[in-house]
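Look at the two complexes coming up: chain A is in both, with chain B in one and chain C in the other.
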Partner chain A sequence: MLKGLMFLCVLCSSVEQKIYVVLNETVPCVRLLNATHQIGCQSSISGDTGVLHVLETESDLDWILSSGPHPPYMVIMETAFFNRSVMMRMKNSSRVAGVAVIISKTGLADNFSPHTTCPNQNTGVYSESYGSDLANCNGTVWNPLGNGLSYEDFSFPVFALKDENQTQVLRKCYEDHNQRVNGSAPQYPLCAMQLFSHMHAVTDTVTCMRRTDLQNRFSINPEVLCDPLSDFNVWTSTRPLNNSAKGHAADESVVIAATRLDGRSFFWEQAPAAEGTVSGIVTLLATIQALYPVTQEAPPPRNIFFSFFQGEAFDYIGSSKMVYDMEKNDFVIDMNNVHSMLEIGQVGLRSGRSLWMHSDPVSRQNKSVDTEVSEEEGKLSLFSHPLPPSSFQRFLRARRIPGLVLADHNTSFTNRYYESMYDDAENLNVTYPPGLTPDEQLVYETDAAKSLAEVATLVARSLYLQAGGEEKNLNNITADPKIVNISVFLTASFYIGLGPRVHGPAHSVTRFVQYILANLTGTVTNLTESQCQNPSELSTENKDLFSYFWVSGPASVNGTREPFCVRASVRLSKAVSPAFELLEYGSRNYSTWTESRWKSIRARIFLVASRELEVMQPALVELTETKQKNISAKTEIMFIK
Partner chain B sequence: MTLAVFFGCAFIAFGPSFALFVFTIAREPLRVIILIAGAFFWLLSLLLSSLVWFIAIKASNSQDPSLQRGLLIFGVFFSVLLQEVFRFAYYRLLRKANEGLAAISDDDSSAISVRQMAYVAGLGFGIMSGAFSMINVLSDSLGPGTVGIFGDSQYYFITAALMTLALTLLHTFWGVVFFEGCEKSRWWVIAAVVSLHLLVAGLSLLNPLYEGSLPPVYVITLPTGVWAFFSSGGSLHSLSALCTRRKAEGESS
Partner chain C sequence: MITIIPISLQQSCRVAVLFCLGRWQQCCSILISSVGYLCMDLSRVFFTGNSTMNLERMPNEEKLSLCRRYYLGGFAFLPFLWLVNVLWFFKEAFLKPAYTEQPQIKSYIKKSALGLILWVAVLTTWITIFQHFRARWGEVGDYLSFTIPLGTA
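On to the complex of A and B.
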């Protein structure tokens, strides 16, 4: 295989190509910082080099950490060994130059969650002053399987090996050169790997932002060291809201239906988040699809406001920003407009037909809140459970509004792979019968889709009633499992990322949800492209109430498309933590997460020679040099003329 | 640790020529000029031969490995011939220069003899040829890796350095012999130099079979050195004079 790689470049005679095999697909772990800590991984500026060793058994671990004769080692870690105890031993050892983790399902443990046991414990609603007996997961530990690996700080690079072919190349190199023969150490030359993932930011967000400020002020070529995590929330409403009228909206009482739009894992830009996020998104989209037509025919008294919050994994970036804007009268509605809230949490792994409704026991001590919540639930429920980590907690921090969080779990998450790379379609039990094409998979009704559609129907009907609608219309509200075509979402990555992106100002998932919403709730107009881009010129169109999207349309039989203009009340609102607007980088109240910048992230493998060979060469030099001087000084004698 | 490889190979390849430069050439500005001009002439020959090779490569089918190999062999031999042509051209230039130098000097004799010019010119060719062979290999030796992951020999760097050393010395010796042959109009000498150069270039094409290329090249280098020594006026008598002079100096001081 390696020789084949070489013959690909017929005319190259470059020595570099004889030495290095560059690995193309690299999935690194990057450094993130908040007000007080740095987490993630760091390499040295010229890369970290180590002799390859595959970690498959306990004796391999021993070899790497104590007995192997060629430290530092670059560990190729089988899936089964990627857990807290092994990684902590690697972290404390000076003989590990880096780790490459094989991501596969073989050998995967029964559970793996690199997140903390108590997600977002410092930025939720429970604190010393509010429900102190429920704070810090004293009441319920939500993610007991969490090992906290994502929140550790590693001083060596950790990469993920997702491509099976690439892993084969590494294994082959290891087997050819580094394998132990009968327990004795392997001989030089040995196969080694070098990982580059040098991060520019250190210590915490405060330090990093201070240094960036200094750069911007005094440097000719300013270097930004880190960027705040930011993206956009997506929101829409059953009755259009005037986007240019900020602050309190007169005569508006709003029921908020919310879910989260993001996820994360140990590695950068990898977040399948199937049960954690996709279940919620898909359910809310199905809810909107079921509810919207009825709210247009028989509008309920209250407005229903649907919101998808981005960045919730990182101390509630999106929801804290929306609450902040509401309090500052910088949003279309404010907290006085909010009647109640219903949030969809993780709803994909229901056992049987059960669904749990979580409410906040502290705010329910207030009678009016309690009545509302009981009405929402329709029956009594437990008082002593705190709310799970949810965007609703940020709303409660601002105002004690009645609300519920729906979930498939009662005390702790049923998701055994919360915020990890393994929270994928298989975790959500989304399976297709063999032999289906991708197009057929898109419309196939999986059991998971049917289950989520049931939840969506329940949510839609509850929202309608909560908004004051009449019971007689409830039977018309049903979610269609076909709309719940999850497979499209199951291949995406839900990591929030940074500001302006390559293909437009928002994350691809954000854009996607925005356009699906426009499809579900919008109306097709017969505006031309230029009119669609400047609708304020027309008197019939209102840019304050609606957004206008120029859509390319479905592909017809002969491949042409007929674009058209869609008018919908779907909007994006900036999801960046208020801490960055207030310039309080050490804030305890708001998210302060930033992502470090870097120059290059890459990996390559090569052979390393023995020290003896390398040292022998200068010795040869000594020999030649001593002879020189003697002979050279005597040239005049030898060659007179 | 690969700094060790870099410095080791650099000193192996360039150590002797650098020492020769420092002890025999650096003090005399005329010799320095002739050295640099010699290096430039070699560079010109390389430029022309590489142009020819480049055009041949671009005009040919890049997917045919045997054709590419054939073009490489052709390129090597053409370059050798062109280098010898430029050596002859440099000889003619230096002869002319010599006459001019004699005319402007005080005592009607040139400040530098043809034999010295031959040695300096040969060294100039050698240094430039060594530089072009070795510099890109040296820059890649700085990295953490060594050659071998695709099955090449791990002695790549050191054999490249040794080959460069041999070629540098050979160019110096050939310079001496060639100019002497031209002076005395012994055309068989020139033919011998050209064929030796072709032979050495052909041996280098045997790489990576290092046993087939390095020892034979050194076996050729030694007699060529001896030939150059005798051709430039050295003799066994002067060698023994060297030893006695050294002994006498040792006794007197």
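On to the complex of A and C.
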């Protein structure tokens, strides 16, 4: 009997394969929640099905929204139509079962930013009580091209089609069955698509965490509904800091150099963030590479603390956590140790050689802060602009420290694709001459690399001076464009995601930056593997000041690798919003972003028959069966009589 | 990652009370359905001595005592007993020719029917209100629920 069942199942799966064509390369839009709202997309628990229709012209839009005879429709949206007005009309219509957006460069508008016009406006430093005339982007609108699509709540699934071959399959199915012939409606059977992306969490983080809590306490089958966004910040310093001594570090005055490590877009885990994030990371890495040897030979009086903050797109998760730890004396330094701060914002699209330095006008009303900042800048300048969205704002919320934010823009972003899927290598003007292999591309000096190297040199020299170093050493500080290796970052995704992952505890980008820093600032030791993993047993090694990495080393000629132990003062610090530590899920001061959980996300296409046939066929089958039963019941009577 | 988050004693008590209130709803429904049927079966065996429901061969005094026991049993928050009472003895009370015990049986049936209608009204009202307003009640709605649907408010 088991064999029979197995045979039946094989039969049933092969029948299923004949009906459905599964689409593998799709990217969903998922639901995110914060203290008060839910954003993103939701499908019904058994998927949303609709008849395919390709949206290429205005008449297609009318067909979908009002005149088409086979609603609901599953819209295949050309790139040009993925904007706010069309998506809002879809949202308000009941005839749309879901949207699949074709992601390509053909037909892409001049600008597309699904982020808000004023990023992180409620968790920055400007509020009613601090610079109220600058709050909520009253002073400067930083992202005027933002259409806010990422922060809308859609009740149908929205998927992205990135694979050209798959899009062709969909188009073919549409052209074969669904296309209008001479203006008349297409006939059944029609090509349909079903999208599954049912999200478990609803309403807001408070509700979601409460229900998770209830489930854990009282249910037989506990289910977690959502997870807080979390990952790690990466930090290092020119002079090692004792990691086990928390709180105020005696005799340490620190200059912080910071940038962000994350990005986002409308879709899940897609965030190329070239101009938004990669430019900053690469510049800071080049700065460290340029500055580190000089600080070891001729150490400046102050320590320089380099930090890469994760989760800044979602209300400053990483920087708020670090500031919180500093205030609670739970970090290697505290706010009293901080002398000043220099942050690298978006620096990739400099037109010519201009670079803008932003400072906070409110704190500069304080004379001592003002003189520090002017010294940092090297000259006095007008200060009526507020700070752009930056991690420095979270430090200012805690203490009025002098600081600057470097950027390639003066009033609003030059990045026309801020926090979108199109903020990629092309947006950063990273182009290679044709015919280069990927390995050659890795070492090729692009114009963008040269530009970022210039910025890195400037930042490194300013940091050295700010840390009290002598001017005569400045000429030795130069960033090498070859080290400014952008291309390896341009294929990564910078979305922060959730805690522990399959391939290690931290996000791949975080790990990558950590290891690059270890490479740039660390020293090779001749410890064995077991010694490298337990260095406290050796008296010459200090686990409090350094971290030890066992790395596999470069591949040699015959393909073998010789691993070795690297000692560096690079560390990870947890980047999860303090709201989750304090259990204040409705907090207005800290980030409360969580990501919903789901069971399965998939898409498939198949042919559908008309509604009448769907209803009638089972009824017909029922009718024939009952007739048969009646006949067989009456046979006794018929034959006996 | 499942972690039990510690909460204060006061909040714990409040949660416990609301939880018990919610569980009481389920207890009622489980009691009503399962115990009701159980009593029905047991009483049939106990009172009539056999497991078939045959009122025809029962003497009238036994019918009356059975009716009374079901009527009294229904007051223990078991409206199903009243339903069974009404359905079982309806013919006896109203459609059979008169006998001595019939008026009493009639009154028991009428009172059982009244109690049943009252229960149905109360339960229907409460269920309608709960289903409609649960999402709006936020915290209280969640504590009163046994299973909360995923993905919808």
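We adopt the following convention: the second predicted complex is superposed on the first by the 602 of 641 C-alpha atoms of A that agree within 3 Å, B and C clash if a C-alpha of one lies under 4 Å from a C-alpha of the other, contacts with A are read in each partner's own complex, and residues count from 1 in each chain.
We adopt the following convention: a residue touches a chain if its C-beta (ideal position, glycine included) is under 8 Å from a C-beta of that chain, and two chains touch if they have at least 3 such contacts.
Small disclaimer: the values here were computed from a predicted structure and weren't measured.
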item: Touching partner for A:Val181 - first (chain B), second (chain C), both, neither; value: neither
item: Contacts of A:Cys191 with chain B and chain C, given as first, second, both or neither; value: first
item: More chain A residues in contact [chain B versus chain C]; value: B
item: Partner chain(s) touched by A:Gln42 [first = chain B, second = chain C, both, neither]; value: second
item: Touched partner set for A:Leu225, first chain B, second chain C, both or neither; value: second
item: Partner chain(s) touched by A:Ala250 [first = chain B, second = chain C, both, neither]; value: neither
item: Contacts of A:Val202 with chain B and chain C, given as first, second, both or neither; value: second
item: Contacts on chain A seen with chain B and repeated with chain C across the two complexes; value: none
item: Contact footprint of chain A on chain C as seen in their complex; value: 1-5, 15, 19, 138-139, 142-143, 147-148, 150-153
item: Touching residues (chain side chain A, partner chain B) in the complex; value: 2-3, 5-6, 10-11, 14-16, 18-21, 47, 49, 173, 189, 191-192, 194, 604-609, 611, 613-618, 620-621, 624-625, 628-629, 632-635, 637-641
item: Complex interface listing, chain B residues touching chain A; value: 1-2, 4-5, 7-9, 11-12, 15-16, 19-20, 22-24, 57, 62-63, 65, 68, 113, 115-116, 119, 136-137, 140, 143-152, 154, 156-158, 161, 165, 229, 232-234, 238-239, 241-242, 245-246
item: For the chain A and chain C complex, residues of the former touching the latter; value: 42, 45, 198-203, 207, 210-211, 213-219, 222-225, 227, 499-500, 583
